[in-house]
Amino acid sequence: MQAFYSRWGSVIFKATVETFQMVTIAMFFAVLIGLPLGVILTLTRKNGSLENRWIYQGLNTLINLIRSIPFIILLFYILPFTKLLVGTSIGVKGVIVPLVVHTAPFVARLMESALLEVDRGVVEAYEAMGISTPKIIWHVIIREARPAIALGLTMAIIALIGATAMAGLVGAGGLGNLAYSYGHLRYEVSVMHTTVLLLIVLVQCLQSLGNHLAARLRKE
Amino acid sequence: AVTPLDPQHLTVGVTAGPHEEILEKVKEIAARDGVEIDIQVFTEYVMPNIALAEGELDINSFQHQPYLDNFKSERNLELVDVASTVIFPMGIYAAEYSDVSHIQQGDLIGLPNDPTNGARALILFESAGLITLKEGVGVAATVNDIAANPLDLRFIELEASQIPRQLDELAAAAINANFAIEHGYVPTEDTIFIEPGDSPWVNVIAVRTGHENDEAVKRFIEYYHLDEVRQFIGEHFQGSIVAAW
Amino acid sequence: MIQLHQVSKTFQSSSQQVEALREVSLQVNPGEIYGIIGHSGAGKSTLIRIVNLLEKPTSGHIDINGVDLTKLSPQKLREIRRSVGMIFQGFNLLKTATVEENIALPLRLTGLSHQEISQRVEKYLAVVGLTDKKQAYPSQLSGGQKQRVAIARALSHEPKILLSDEATSALDPETTESILDLLLSINREFGITILLITHEMNVIQRICDRVAVMEDGRIVEEGTLLEVYSDSRHPTTKKFINSQFPQSALSLLPVDEQDGQPVLELSFVGAVTDQPVLAEVSKRFQVSPNILSGNIVPLKNAHYGKLIVQLLGDREETAQAVAYIISTGVKVEELKGGEAHAGLL
Amino acid sequence: MIQLHQVSKTFQSSSQQVEALREVSLQVNPGEIYGIIGHSGAGKSTLIRIVNLLEKPTSGHIDINGVDLTKLSPQKLREIRRSVGMIFQGFNLLKTATVEENIALPLRLTGLSHQEISQRVEKYLAVVGLTDKKQAYPSQLSGGQKQRVAIARALSHEPKILLSDEATSALDPETTESILDLLLSINREFGITILLITHEMNVIQRICDRVAVMEDGRIVEEGTLLEVYSDSRHPTTKKFINSQFPQSALSLLPVDEQDGQPVLELSFVGAVTDQPVLAEVSKRFQVSPNILSGNIVPLKNAHYGKLIVQLLGDREETAQAVAYIISTGVKVEELKGGEAHAGLL
Amino acid sequence: MQAFYSRWGSVIFKATVETFQMVTIAMFFAVLIGLPLGVILTLTRKNGSLENRWIYQGLNTLINLIRSIPFIILLFYILPFTKLLVGTSIGVKGVIVPLVVHTAPFVARLMESALLEVDRGVVEAYEAMGISTPKIIWHVIIREARPAIALGLTMAIIALIGATAMAGLVGAGGLGNLAYSYGHLRYEVSVMHTTVLLLIVLVQCLQSLGNHLAARLRKE
């Protein structure tokens, strides 16, 4: 145990930090992009408040387009774009862009289905009060959808952790990559188990947090 | 016109696994002289070259000579190899057969799914007389380039590191020695066919063209080629990986 | 002022096409309380939802204070909507917000100060009697309590025009009474125009100045309360008015005992009721009027009464009594004439 | 037979604790129509939801036909529930199903034959007047139409016990009337026991055999319709009964003109109403009774009348008239006595 | 073009077939397992019809546990289990098990959030009619949740396609693997573009189908 710790402690710690970096930064941007996209999808779809066939179809297609490409391929497909945006295509910095590009449409879809469950009548009530659409979106639609949004984001963040496991492909490290490269390639079985355990604990915590939040918000 | 590399600080790309482990040893040695080596670990075989070509890396050490040559010509990259490193001898292993000649009609044969080892495996099968490859495909060979397959063997590309675990489901498979040893195989005894000694599959250290004579590169090669490293390879990989300098 | 010009609304679904409104024209004057009554499915909710353009009319247009809503930009439409409060049939409360937040949030979104908001929340919660439910969520409220929150929310905006869709239908008579009193007082004090929908005639009778009766997407009768009560033409209107008067009284009462004696329906509007007509009758003629059933309802500014009376007496006297009653301005209708008195009127 | 023994229900939420029911005991006899009335938030819905154990009581127990529901296995509870129909205050329809499917699905799930199902769907859709809305989805229905679908769904099961939570509150008087007639007829024909909740006294009056008045989680008054009407003790009961009689008549009417003359409230129950009491009064005494407001409501098996009358005449005569009225069995209460007539009763 | 077709035509065709096989079979089992799990989660959670802390917590933990492990690691982690179950760990057959193990918990979560949106009142109405819980689950809860379920399953199937991209690691092939190992690793750019295009078309079709279904079912 002691030996294991002194040999792998710092490696695992570094990987944990990398995972945290990748997940938090990528999630931040994914929500920043995905949430508005989800809102736009909901508003512009048929019978939505701002029904607009063209915007809806365009966005819908774009989102599907990106979501069609498995992350492992996307990672390389958008390399030039990544380089352009952040100046590098390797390391934690280089993997953030593909992670965001991969997760944002997923978040958008999850948001869309969460927002679609909000009662039309309530939205109408606020429209009737002459409240502007952005305010309705934030204070009514998103507010009412919070329980579903919490569950959706938990789902997205877990998917994101899965994607970071592939981050090793471009040298970004992280727990998933540690499990893969040490566990598989070097048969350091104990490292593999430890990292998987860490991942499980991480996800379990996130999910509990998400469930807890959803339950607290679901005040019906 | 190229600015020489900083001799005190090098960024080196490797693939996860033996290359990484060896480089960790090198890093340890270099550190004694105050030379800082930053290891970038990759788990696939394209990015280390791209990153090197684009200046994200100073040096990489993960590929064998034929792969580098092929990669350079396909993508027009200005890369050059500066020194040899190690060889991972590859052999054909089988759970039940004791000789390649026992391989039967329609057998399932495993080979690594990564390009540096995949083509090599196919060439190994060719030299074992199991198949013939198309004229001139060389080191870019894939399972689609098999010209003749008299036994109608079914080839299946698998994750290199996992092939030993799946060997009992296959009739035979090409496995790198390092992965075989991890699973308790002894390459010299358990192979039913092994690469000839004069292997062209020597791994190399690559840099961008123009840096081949940099002081920094030379110092790096020196560290790599120390006996201490050779000794480490010998002990750690127990013959499954051989120093090739 | 609210004006609807030839407004039609057709709902188109794959299987069917429902004409919910058919060329409805309507005018609600400023400061007026205008009631719309009609059977379930008549198109009342559709009509009120069209007034603030929650539902777009298939044809026709809607003016509020002379501005045609159908031609407005979204921005301008919002401005107008801010002065129009609405109470929905389905409450439409935020499920994830407490009673307090449900009232405060819209106020906050329209930019009121914190202090102003908490004052209004207190005030209107007290008005609907839910001060103790401030921290409850809608799912923890009874049906009537939810409706009251919706009322408080609409009123807390202190709108210039109030649209109310069955605001009191889930409420008991006492609470209804207090809400109606409130509507009347805000109407009087602040001159708020109120357009209200109901299926309860007593709501109309209590507070409306004018009333429209809807049937199958059309307005079939319209006028001031007195006009409609005193001279209803359409059968639907009559049914609604009669709903306040026990319909079956006649069939239930043991009129057969005194068979042969006419049963009359006397109806009177306005100030007539304080004339002791029937008392006068029994004094002047040899006739005993027996009230079988009756009701005098106070309208907003008058009264409307209807009595079903059996006149007990001989033919001659009875005829004279009837003539006298008619002469006082009371409407008389013969419901059941005894043989001996056929053709009494 | 439904029996509730000392049933209490407390809702516990983080911030508050609401005692919705406090030791309520109740017995509904087989074949009876039992009405529960009370203000918004009194606990009526909670009570009815406890009867079929949709809400678990905090203490006390519920017997249906002598079986204690709180002690039953889920399987047995389901069996009992199959014979208990329920109409919810909130409709609770499937949003993704048409009107037809909303009625047919539960029947299908209880294992009825296809033919039987389509017969019942037709029958009960016709009963609630929605045959033409068969293919509509709930979102395409008006409030009253949704309520009628919920009624049809509950009735189509042809249950032995029917629990109805404000089934007619969203309906216009005519539709209400027809639903009540229907309830009465199934009650008479098939002996169905009905427990109904309402805030409309006229629903109680029309069809209930017995009635309970709830207030703040307690049953504050209970009895047959006649008992409750003729001898209501609790102020809440009185308010509900008075809700059928124009409360404000007194303040609205120009009684001041005849100031000094007593205003009496006469109330009578049962068969008394066919005695021409007031006519008799004006004949016997030098008194003109002026009916200020009045109503005679037909109860299920009797009538209840209340008149507000001003007696115009001199003191002597008036006093005699009052004495005479009392002697006929009519209850007299003095609302406003002129100075000259103080202490008339 | 001609040359490309004769060189890659059959390879791409084969990969497409493999993808279809993997996706349909894995999806079938994932739904078969995930849907009931989602139902159980919904029923046993706090305030559910069959509230049961232990079952809920147990399942919840198990699901998180599996979802914590990135597919690339799971694939090999459960190798012995795969072999036990289907007799092989390689090829399409060998990848189905990890795909199902990976997707079923995801489906369960998506189902859970779809089912949670169903109005409690409607469920109560059917409980009051004495209808048995299984019938209520199927005819009421699942029925009402169909629009959300359709969107959720579309999401799951797209995630599944993403996961099949890693199927190449156990020799199962498929479009994703083709794009990765030929397109990316072996620099056959035209193969990469073609397969990505195919994937896009595939996902676009699936999503349209899902949206269409959801819109048709959302009859409110």
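Order of writing sets the labels: A, B, C, D and E. Residues in every chain begin at 1.
The rule is short, and it goes like this: a residue touches a chain if its C-beta (ideal position, glycine included) is under 8 Å from a C-beta of that chain, and two chains touch if they have at least 3 such contacts.
Small disclaimer: the values here were computed from a predicted structure and weren't measured.
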item	value
Neighbouring chains common to chain A and chain C, by label	none
Distance from chain E to chain C - Cα centre to Cα centre, in angstrom	56
Computed distance of Cα centres, chain D from chain C, in Å	21
Mean-CA-position distance for chain E and chain B (Å)	36
In chain E, residues with contacts to at least two other chains	76, 147, 184, 218, 220
Of all residues in chain B, the ones touching two or more other chains	44, 46, 159, 162
For chain D, residues contacting two or more additional chains	90, 137
Chains grouped in pairs wherever the two touch, ordered by label	A-B, A-C, A-E, B-E, C-D, D-E
Touch list for chain A against partner chain E, complex	46, 60-61, 64-65, 67-73, 76-77, 106, 109-110, 112-114, 116-117, 120, 147-148, 151-152, 155, 158-159, 161-166, 176, 179-180, 183-184, 192, 196, 199-200, 202-204, 207, 211, 215, 218, 220
Partner chain A, residues of chain B touching it in the complex	13, 16-17, 20-21, 40-44, 46-47, 50-51, 54, 56-57, 159, 161-162, 182-183
Touching residues on chain B, where the partner in the complex is chain E	44-46, 71, 74-75, 110, 113-115, 140, 142, 144, 156-159, 162, 165-166, 169-170
In the complex with chain C, residue positions of chain A that touch it	119, 121-122, 124-133, 135, 139-140, 143-144, 146-147, 217-220
Contact footprint of chain B on chain E as seen in their complex	7, 11, 76, 79, 83, 88-91, 168-171, 181-182, 184-187
